[in-house]
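What follows is a structure written as structure tokens; I'll ask about it next.
Naming follows writing order (A, B, C and D), and every chain is counted from residue 1.
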């Protein structure tokens, strides 16, 4: 028997309290006793993905025009769904740790998570109340961020974050190095090709667009040096770019490797001590 | 002496059973007693590669036109070769584990592997029977997938798959992060450059093409921002792209490293226990 | 109590010596007793970043024109700030190890760090004295290099440098391999497409621009092969490029991993020996 | 005292034998008793690099024209230098292991290394004897390959080769996967955009150029999909490309990590056994 089961599991509770306990377990990933996500959270994830997909598609006139009613229906349904979920969360939040019911409710409403939920619901319904603002419709894309809430507690994310945090200084230094190469590369190309291609290398900020696109190895081809000296310097920046990508990759690889090794060692020790 | 040698190795079996046993060993990589692939399987791999190469070349008019007879001969030869192989497999399948000969034969025909083989043979001969469909000719490219069957048992693939599977959640999270950056990058550029370049950033789905090609650092150069603000956001997406490539690479590197370390530890323990 | 505290910490020292001791601790990261940077060094880092940003922005006519007075004020302020810092360092340098006050002052002025500081201060004020030279204004960008001084002592940089140094030969060999592929790729494309695209592949040095931009996977698209044979060779170079990027990344990843593992082992041993 | 010193080190040998012994030690990196390269080998490396640089520059008309005499002098000097080195190697080869002097000399001349040296010398002098062939002049670039001979014995290269060899099957599988994605990506785009852009996607081989340039994330921008479906499939190929680059990088990183770990363990064991 699980001794840390929520108190609502008791059998002699009134019916609404039992429903609330059940719903709390379903909505709160941290108290869900089984592996993975609860059925209701899986549904919520699905609806969030679908809503994000719908929000993306709506911006495309070729898809949206002639299907206004369909998308309107989808948006209203999504709004009702998320409002229901919000109210459900507000109802069950009292099941969480703490004594004062009111303070728990207020705490939920003013938590970052709660405010984000509310903002998304408002953004969903706003277009029907006021004018049809493009910006507001795009706020709905924020729904995708809500997925992080579900995954937040996951061991994987914690491990990744810990690994990245453990190499904070190495990564910062690499970033500093990258910025330095970026600025010097842009300055060099500005000095060399500034007069020849003034719209592209006429100033250091302009040349930095080239610098970023080259160091990240994207290379759109809208800007590139045309003189021999410019090409020589650009080649140096290009090669430096490889190093600047290899460095953080190597650092992260070693950090992830360490994180897992430590976890394993901790487990081994634990086992040996028994 | 190998005690797990197939039963057909016995000397006092009838001639056809001995041939079948020999052929079974040749065709089934898992029962091949020696290292690597059997001679017949090496031949099959060679013919599959040759067939794939021929199927690719045939689509090129400059190569195909004037050489129709040559490619027809190649295709018919390949068809006969694969049909023979299919029948041979159907014949020797009874050597495998299990008692009922019929059920083993039926099992082979309706296995994924068997159906794929049959589909490829049909696709090889179909053009001679019916009209010359481009699609059907390309189905022949599926032959290349058959190579995976031969490699399936390899330790390497198992180790790779295990390593990737062991980091399932980390990789999924990285993917989720990538999709989020993809969507937000596309949305940002759509808002900034949507009016200036409507055909390229006129909607979030359109901007996502730019987003994908930038985050993967491909950068064709068919779409790129032209405003200062657009370039600033694009630079942020570009830098995020480096991180999003470094993350899975690092995760995989650590996973592969772990997989090998565990294998080694297992071996060491095994040796020490003796 | 810290026994290695600088001597100036004594209470019965005259007021100016106590100020100097306090300032020395603030300016010299190595003697700063607490974690991180001292408040004054944080301020200096901030001003360096701001100065670099201002120096970058000034080169852009759209930003600079009409704001000459603003940037003039910024530059003069920066010049005064860095001159003050220089004089302060010159004053407190006597707190450092060594007996002869004069030789410590002279040593500071003629150290690389001191000369760099002086050069940057001269470059900051020069435009107001003589003509407004573009080059001189860009020398101010060198300020960013000063940041390395602050980070120099950091464990992270030491670890990274040690890791890179430990794989010196492997990285050199990879670089040699890259140069060889670069030269042979350029030569191949020069031979194949030299006559067709003389301005792009007309000589090996010209083809090397293509070679660098392809091997680093940047691919601007200003130069690419147009013949079938050229494309086949370019594809080979492209695939080799992947390997040539994967190699150093892998080497660095393993080096970083080792560096941390050794540090951990050293710590573990230390702990066990107690 | 080194007991494995070459026999020529004896003091009572005739003068020419002592010279030959000294020269053998200088020319043969494996018998050089000290760390690094011998002075004469450093000179040879320098001359090879210079010769390669000269050979590259000569192909550029803007550099070559008007400087024919200079490059002629350089080439003749290089030819004499390498011929002298060849003769010196032929003379000292008798110092190597083995009894029969004639067979050692013949063995050197017909070794791959000896034939390569001879070919380069012939290629250096050929233009002066016969017509000025572009091809022959480029053969001189092969000199760069000679550098590998000097590095061959290095621990670094051995470690790298061992690491790569230890993951042979994993790398082969990744390559197989890459080829499969390459072929299927090209086939998909050929089917989707073959009619719209016949010169770019009109056949699978043509589409494979796009496929290679996309999977390697180069993205010249000479070929890219223009339909929505084409872009969707191209995005899938692009994302697959990231994975196909991350895989070998991760495999190599783990292999390099392993190689060093094994070396360390071997050393630790060695130390503990003492």
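Quick notes on this structure:
Note that a residue touches a chain if its C-beta (ideal position, glycine included) is under 8 Å from a C-beta of that chain, and two chains touch if they have at least 3 such contacts.
Everything numeric here is computed off the predicted structure, so don't read it as measured data.
The copies chain B and chain D differ by a rotation of 90 degrees on their C-alpha atoms, rounded to the nearest 5.
Interface note: chain A and chain C, two copies of one sequence, contact each other through mostly non-matching residue numbers (shared numbers fall below half of all numbers used). Look at where the CA atoms of chain C average out and do the same for chain D: the two points lie 31 Å apart. Residue positions of chain D touching 2 or more other chains, listed in rising order: 208, 217-221, 245, 249-251, 253-254, 257.
Taken pairwise by the contact criterion, the protein chains are fully connected, each one touching every other.
If you check the complex, the residues on chain C that touch chain A are 52, 55-57, 59-63, 134-135, 138, 141, 144-145, 147, 151, 154-157, 159-160, 208-209, 212-213, 216-222, 245, 248-257, 259-261. Put simply, chain B touches chain A in their complex at residues 169-170, 172-174, 176, 179-180, 183-184, 186-187, 190-191, 202-206, 208, 214, 217-221, 224, 231, 235, 238-239, 241-243, 245-247, 249-251, 253-254, 257-258.
Within the complex formed with chain C, the chain B residues making contact are 217-221, 249-250, 253, 257.
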